[in-house]
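What follows is a pair of complexes built around subunit A, which joins subunit B in one and subunit C in the other.
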Partner chain A sequence: MSRNTEVFVIGGGPAGLSAAIVAAELGAQTLLVDDSAKLGGQLIKQTHRFFGSSNRDAGIRGISIADKLCEDVKNLKDRLCVLENTAAVGFYSNNEAGILSQNAYERVSYQRAIVCTGATENSLAFENNDLPGVYGAGGVQTLMNVHGIRPGQKILMIGSGNIGLIVSYQLIQAGVDVVGLVEGLPTIGGYLVHASKIRRLGVPIYTSHTILSALGETQVEGATLCQVDDRFRPIPNTEFDVECDCICLAVGLTPLIDLFQQAKCRMVHIGELGGLVPLHDSSMKTTNPEIFVAGDASGIEEATTAILGGRIAGARAYESLYGSNDKVEQIVAEAKEELKTLRSGSTGERIRWGRERVLQEVGAC
Partner chain B sequence: MTSLRIEAHPVLEFEKKKKVRFFFEGKEFEGFEGEPIAAALHAAGVKMLRRSPHKNRARGFFCAIGRCSSCIMEVDGEINTMTCITPLKEGMQVKMQKGHGEIKP
Partner chain C sequence: MLINDGIITLEELKKALPPEERYGKGPVAIIECLQDIPCDPCVSACPVKAIKMKEGITDRPILDFDKCTGCGLCIPKCPGLAIFVVQKNIAPGKASISMSHELLPIPLKDQMVTLLDRAGKTVGEGKVLRVINPPAYDKTAVVTVEVPEEKVMDVRAIRVNAGGQP
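Showing the complex of A and B:
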């Protein structure tokens, strides 16, 4: 079987949903596929309130943002077709892609594709890191906030970026004892407001520390930590053990970029954006003129910027088929203005630098 | 050991689903209909879901979204079932698969 669509959106997280909503609102026949059973991507496990920007989702919980986007999708059902439990598995020549649902394989013939595949969690090398009880922060949030089950009674958090800090707080809300938070750098990575919250609740934060090993035979029973020097080398004779029944890794994300590579988009490695990302211009178009990108796949940031990047990609994909109009320009101008605000200040410095490098590389090719 | 199920939460409300009975390695367990098999096992305190085929290392729940294959088990005779995304049903027979598992005719 095969399907035809004008705009084909891969991924139903904040970026993909926003891109599909904008493309369909402007008038393009749009198909959205997502490989999970529930739309919303990682938003469906975000119980915290987002900082957002003054006119977008400030103070709203992630789960509510997902509900709002899904509602918009439903209202556009005449032009926006959604397939859940369906994964995009590859691009062919002639603007065709393969999609796989539980028992069926189909081809999709598209004019523009917007790829919003998101990211995968990074792991960390330490002894016994494969023991049951060592989880990624995403897995912990799914178990706890989607299925209502604690990952364990006592958890050790590795990584003090915003995810490590926020998930620590969520774990405490769910009744889990967070026995400590380990950070290799001498300073906390995430926002101080998140760190203060868990510090006030008595969670020890071990900066300039690392995990050497997980303890236990068939499941985690503890961990050995130690201090590290300014080049992250363990300092001998500083080892100590902590008791815990699970270990949560919040050590960053890497863009999920296989589909771009397969579609022969030019890639660039930018550490500030999480690794390899498809080169793209300010309209989120990759070096393959039929393929656009948005969300974490274009560089690791967060849900509000993913929504805005998705809106730009949706509008520009539409424009590349039908030409521009006032509404397209308005959507793009608003999104760009909000992105500028969100990425301003010292906390946005790394992202600004990474984004500028992408644009420079695009200009150079 | 206190239960791992969250009873009260300051932000979330969890829908009470129908209780069902299932079997893990022949032993009877309880879980909720429609929740992932791996979640029901986790709530019941089962952390090791299989052993790795080559080095015999313990393997458990990991990614929770059907990507990593750490939680594959034999469910009602079907091997390599990703239990973190397979909904629990009444009477399911869940087993740790040996090695790479055995495909039944």
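Showing the complex of A and C:
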């Protein structure tokens, strides 16, 4: 079987939903596929209030933002077709892609594709890191906030970025004892208000520390930690053990990029954006003029910027088919202004630098 | 230091504190948000426009202590749970502090709860004076507890113990 669509959006997280909503609102026949059972991507696990501008969803819980976007999708059902439990499995030549749902395989003929595949979690090398009880933070959030299952009773968190801090807080809310949070750098990586929030509930934050090994024979029973020097080398004789039945890794994300490589988009490695990303211009268009990108797949950031990037990609994909109009320009101008604001200040420095490099590389093409 | 262990030192806190004489004029907010992160819901939460950000949303919020009425409407709007309202001298030697509370169980009025400082250490027990938890606060309750006046700059969280019913 095969399907035809004008705009084909891969991924139903904040970026993909926003891209599909904008493309369909503007008038393009749009198909959105997502490999999970419920639209929303990581938003459906975000029980905390979002930061950002109160003009766009700040102060609202992530899960409510997902509900809002899904409501918009529903209202556009005449032009926006959604396939859940459906994975995009490959790009072919002649603007064709393959999708796999349940056990059925179909081909999709598209004019423009917007790829919003998000990211995968990084792991960390330490002794016994394959013991049952070692989780990624996304897995912990899925268990806890989607399925209502506690991953353990006593958990050790590795990584002090916003994910590590926020998931620690959510674990405390779920009644799990967070025995500590470990960070290799001498300073906390995420927002300090998040750190203070878990600290005052009694979670020790071990900066300049690392995990040497997970303890236990058949499952996690503890962990050995130690201090590290300014080059992340363990300092001898600083080892100590903590008791826990779970170790949660929140050590960063890497853009999920296989589809771009299949679609012959040129890639560039930018550490500040999480690794290899497809080269793209300020309209989120990759070096393959039919393929656009948005969200974490274009560089690791967070949900609000993913929404804004998705809106730009949706509007520009529509424009590349039908030409521009006032509404397109308004959507793009507003999103760009908001992105600029969100990325300003010292906490946005790395992202600004990374995004600047993408644009330089595109310019050099 | 805050950036190393998540604990704001009193030295770091100084720039967020009102002048001492302000406490004599009634409750006042203390915004313990010392990093320029992109976030601004507190600005629009304030009914008397006492919270400003000079250079856009990545600036730190600056509270006009003269304008602030201590109403506490900003408390549940802060995604960082970083806003507290302090009222000194509610009774001889007693002060109150209001804070966001997002853990179950939500305490009841008059219940005794454990008072925790910024490092999560127990600093005593206090009586719950007020719990505000309307649907508009979307599951962030604002709890006001009575604390010894000399501890009001230390207490920043509570633990609700089973069996601590009024």
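Operating definition for what follows: the second predicted complex is superposed on the first by the 365 of 365 C-alpha atoms of A that agree within 3 Å, B and C clash if a C-alpha of one lies under 4 Å from a C-alpha of the other, contacts with A are read in each partner's own complex, and residues count from 1 in each chain.
Here is the rule we go by: contacts are C-beta pairs under 8 Å (C-beta built on N, C-alpha and C of every residue); 3 or more make two chains touch, one makes a residue touch a chain.
Here the structure is a predicted model, which is why all the values come from computation and not from measurement.
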Checklist entry - Quick one: subunit B and subunit C on subunit A, clash or fit? => result fit
Checklist entry - Just subunit B (first), just subunit C (second), both, or neither: which does A:75 touch? => result neither
Item to check | Partner chain in contact with A:173 - subunit B first, subunit C second, else both or neither | outcome: both
Checklist entry - Is A:61 contacted by the first partner subunit B, the second partner subunit C, both or neither? => result both
Next on the checklist: Looking at A:2, would you say it contacts subunit B, subunit C, both, or neither? Reply first, second, both or neither.
Outcome noted: neither
Checklist entry - Which partner does A:195 contact after superposing on A: first (subunit B), second (subunit C), both, neither? => result second
Next on the checklist: Contacts for A:342 in the overlay, against subunit B (first) and subunit C (second): which applies, first, second, both or neither?
Outcome noted: second
Checklist entry - In Å, how small is the closest CA gap from subunit B to subunit C once the two complexes are overlaid? => result 5
Checklist entry - Which parts of subunit A are in contact with subunit B and also with subunit C? => result 61, 173
Next on the checklist: Could you list, by residue number, the parts of subunit A that touch subunit C in their complex?
Outcome noted: 48-54, 58-61, 64, 172-173, 186-188, 191-203, 205, 207, 341-348
Item to check | Complex contacts: residues of subunit C adjacent to subunit A | outcome: 2-8, 32-41, 43-45, 56-59, 77-82, 102-104, 116-121, 138, 140, 156-157
Item to check | In the complex with subunit B, residue positions of subunit A that touch it | outcome: 35-37, 47, 61, 63, 120-121, 130-136, 138-139, 142-145, 147-153, 173-175, 217-219
Next on the checklist: Which residues of subunit B touch subunit A once you look at their complex with the stated criterion?
Outcome noted: 1-2, 4-6, 9-12, 14, 35-36, 39, 42-43, 47-49, 52, 57-67, 85
